[in-house]
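Please go over the structures that come below.
The following pair of complexes shares a single chain, subunit A, combined with subunit B in the former and subunit C in the latter.
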Partner chain A sequence: MSQYTVVLLSSIIMYIVLAVSWTMFSAPTGYVSLATAAFFGAGIYTTAFLGEFIPLPLLMLVGGIVSFVLAFLVGAITLRLRGVYFTIFTFGLVELLKNLVLWFEIKFTHVRGRFVVSIDHTTVFWSLLVLLALLLVAVALIKRSRFGRALQAVGESEDAAAHIGVNTTLVKVTAFAVSAFAAGAAGAAMATRWSYIDPGIAFNSLMSFMPVLMAIFGGMRKTAGPVIGAILFAYLEELLITRFPSLYMIIFGAIMVGVILFLPDGIMGLVTKLTRRGAKTLEHS
Partner chain B sequence: MTTLLNIIIGGLIMGGIYAIISMGLSMQYGVARILNVSHGEFIMLGAFLTWTLSQAGISPLLSLVIVSPPLFLIGFIIHRTAFKRLSSISGGGAFEGNAMLVSFGLMFILQNVAMIIWGSSPQGYQFLVKSVTLGGATFAVNRLVVLLFALVISIGFYFFLSRSRIGKSIRAASQDPIAAGLMGVKINRVMALCFAIGALLAGLAGVLLSMIYQINTAMGMSYTVIAIIVVVLGGLGSIPGSLIGGFILGLVGSAVSYIEPSLQLVAYYVIIMLLLLVRPKGLLGR
Partner chain C sequence: MNILEGHGLTKAFGGRVAVDNVDFTLAEGEILGLIGPNGAGKTTLFNLISGALSIDAGTVTLTDSDAGTRRVSGLKPHKICHLGIARTFQAAKNFPGMSLYDNILSSAQFGNKHISDKDAKAKTDKVIEFTGLEPLMDKSVKDIPLAGQKRLEVARALATNPSILLLDEVMAGLNPSEVEESMRLVTKINESGITIIMIEHVMKAIMSICGRILVLHHGQKLAEGSPEEISSDKSVIEVYLGG
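Take a look at the complex of A and B:
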């Protein structure tokens, strides 16, 4: 493969990881998280701090653990709140971390940004692919497990779930932390893509919106939905963002509005509807 | 003493603007159930329209009157098209989440259209750059004018809502939309009206901001975040809560930015986190 293809495939896989991990928590519970950028950024900073000392797989593990712990703490505070509060809170978390890290760097290390070790694109690509495979296995296992059922129950009716003995807060917080692990690991791997980072680059709130849009666009009922959404938008971004950044963002916003208003179940929902209609026509003829 | 007075005046100016912005968001979220994340973009539009008019020699004070009707109209149309459709296709619980996502989409559209029109470099104009001495301290005239208008608009709006007939139907709709509908309040029109009033108030705040600060097309988001913080602080849907919360946050922000400017936003988050843990309903929430 050429270097260009490797880089493009890496960002597609990164988006699939982010979209699938977002869906894993937000689809069953109905809590819309906008914290992906915070976890992704935590992963980036893990590599920025430790990149010279430990190899990539270990960096991804540490980045994942940092995000896991962060999500666990934030979740424990905020997941008792109503859905919209939670969303705002997670969104605020990105800005909060950005400001805190910037303040810390200027105050104590007297730098605004940091240089990141460079790791060759092929290694990053394979690491991300392994991460994606592990994530897909985890999602499949969770869906079939007791824990997955509990998560689903929390989403359908939190009170009812609590009545039948589900520790709702623990279930939500754990699922949130597991999904954060994947985002943190992806951030740790992708950090090597930039040679220089600062808090503005690492904690870019757009990274919180991309997975949401991808998942909604693809459809959240099946795992294939976010995967399709991620591939499509990653490619669209590749085509447009460097040449027409404003236009890309306008298209991004318009699709977001359009999909929610006209395609509430996403592409996968549309496919299901069409095949069902097709089957019905066949029956009638 | 002079420092303290400066912090208080600065806090009241910021607080007045925060109060206007937050009452606007409170109309949109408290009544129309839309947590409008594109709120800050209407502030930005108000500021840039004022800047454009000022380049043509029109006083920013006149802009307060010129800029508000179009923003009101845009808000009304957005609600009548997008959000009305959304409320007809998504029932109860799903509406709030979806409405927020739609407003995120609007935010991206508005911000980037503005970026194409006005570019991304900061802009500003000169307005009443004189100073007066009051009680031993020196103040810029433009800041005092902004303070005056912020107070008049925020308190005036509060009285409009509590005294006028339209205000009464808005409050009725926020307390119980179904009962209000049965009492003859045209509920869909009131919802659209609330959204439009929110856009109008954001625009007015934008005009005021442009008189004293530099503006840029990416400024909206930070004001949206502040408005959300104030609305949560004051209690969702409580207009007096937004009014008081705005001034509290303005004064705190002014004091913190005197000590450590880069931690202003961090201080806001700490306040809100503590509040949500201690009293999730907000200061004046029901």
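Take a look at the complex of A and C:
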């Protein structure tokens, strides 16, 4: 593979990880989180601090754990908020962390940004691929487990779930933290791609919105949805940026509006519909 | 023996006192009817007992022969459920995205601590048979009629293996023959050893299956007694039953 392909594929895998991990928590529970950038950024800063001392797999593990703990604490406080209040808080978290890290750096380390250790693209690619594989296994296991059923119950009727014995707070916070682990690990790996980072780069709110858009684009009912959404979206982004650099956001926006209006269940919803229609036509002929 | 007792229960929403210093007792094995005009605080009282709402003042205690008397007020709903108090909701809150079977199985799995999947499934089958839900099992939750929804709501509560069941208007909106069936189910549940508090506006049901009735009005206890005493109580007739 050429270096360009490796880098492009790494980006796509990163987006798949973020979209799948976002969907894992937000789709069954109905709690829309915009905190992905916060956990992704926490992973980036893990590598920025520790990159010189420990190898990449360990960096990803530590980045994941940092995000997991962060999500657990934040979740314990905020997951009693419902609906749009939760969403607003999670979005605020990105700004809060950005400014907290900036304040810390300037006050105590007297730097604004940091140079990050660089690791060759192929290693990053394989590490991300392993992370994705683990994430997909985790998602499949959770879907089949009691924990998965509890998540679904919380999403469909939180009061009813609590009254049949589901510890709703614990279930929500745990799922939120597991999803944050993946985003943190992805951030730790991706940090090595940028030789320099600062809080503005690390905690980029675009990383909160992209996974949501990708999941909507692909459809959230099946795990394949966010995967396909992320692949198409990431590739489309690359294509539009290189071909139509000045129009890219406009075209992007138009496609997004079209998908939301005409494909409420995303690409996967369309695929399901078409295969069903196909099966019916076959029956009739 | 009083299995459940409430002392001085009070809950206010803003300036409005929904439940005002209410005492109640529930004897093991009885069916207690809870009646009163709309807005009297009946459902709020259920919410206080089941932990759905926090209590402003007062206590609820649960007594069972093994563990003695415990305070349940202040606990989270799932803990209260695990202690053996189950409830239904006035507007059925079944899980629409799950099959009927999974609705009940979820209760069996989460309502009983450390239960194996095998036991949870056995419990589910037992509850389906007990509540007579078999004919509806192949339907999706959204497609079953109101009577079925209410029955499923009761089944979900039963699958958590309660000793006390709070029924919030399980007969509202049902036709006369469905009410008869529902009354039979409530009696059968009670005969299986479960103590019941039921909120109901269907007077025929209340009067014929409750051993004792408690009347709430403006959040306060207006009267308490046997169906005969309540149906002849002047103040109850005035505010609720009508002349």
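Quick note on the criterion: the second predicted complex is superposed on the first by the 278 of 285 C-alpha atoms of A that agree within 3 Å, B and C clash if a C-alpha of one lies under 4 Å from a C-alpha of the other, contacts with A are read in each partner's own complex, and residues count from 1 in each chain.
Going forward, contacts are C-beta pairs under 8 Å (C-beta built on N, C-alpha and C of every residue); 3 or more make two chains touch, one makes a residue touch a chain.
Computed from a prediction, not measured in an experiment: that's the story for all the values here.
J.: Between subunit B and subunit C, positioned on subunit A by superposition, is the outcome a clash or a fit?
T.: fit
J.: As a test of reading the superposition: which chain, subunit B or subunit C, is in touch with more residues of subunit A?
T.: B
J.: If we overlay the two complexes on their shared chain A, which of subunit B and subunit C does A:S157 touch? Say first, second, both or neither.
T.: In the superposition, A:S157 contacts subunit C only.
J.: Contacts for A:L102 in the overlay, against subunit B (first) and subunit C (second): which applies, first, second, both or neither?
T.: In the superposition, A:L102 touches subunit B alone.
J.: Using C-alpha centres only, what angle sits at subunit A with arms pointing to subunit B and subunit C? Round to the nearest 10 degrees.
T.: 80
J.: What is the minimum C-alpha distance, in Å, between subunit B and subunit C after the two complexes are superposed on chain A?
T.: 8
J.: Which parts of subunit A are in contact with subunit B and also with subunit C?
T.: none
J.: For subunit A, which residues are in contact with subunit C within the complex?
T.: 146, 149-150, 152-153, 156-157, 159-169
J.: Once bound in the complex, which stretches of subunit C touch subunit A?
T.: Per the stated touch rule, the residues are 50-52, 76-78, 81-82, 86-87, 89, 93-98, 102, 106-107, 109-113, 156-157, 159-160.
J.: If we count contacts the way the header does, which residues on subunit B are in touch with subunit A in the complex?
T.: Per the touch definition, subunit B meets subunit A at residues 35, 82, 85-86, 89-90, 93, 96-98, 100-102, 104-109, 111-113, 115-116, 221, 225, 228-229, 232, 262-263, 265-266, 269, 272-273, 276-277, 280.
J.: Taking the touch rule as given, give the residues of subunit A at its contact with subunit B in the complex, in rising order.
T.: Contacts found on subunit A: 30, 32, 77-78, 81, 83-85, 87-89, 91-92, 95-96, 99-100, 102-103, 106, 205, 209, 212, 216, 246-247, 249-250, 252-257, 260-261, 264.
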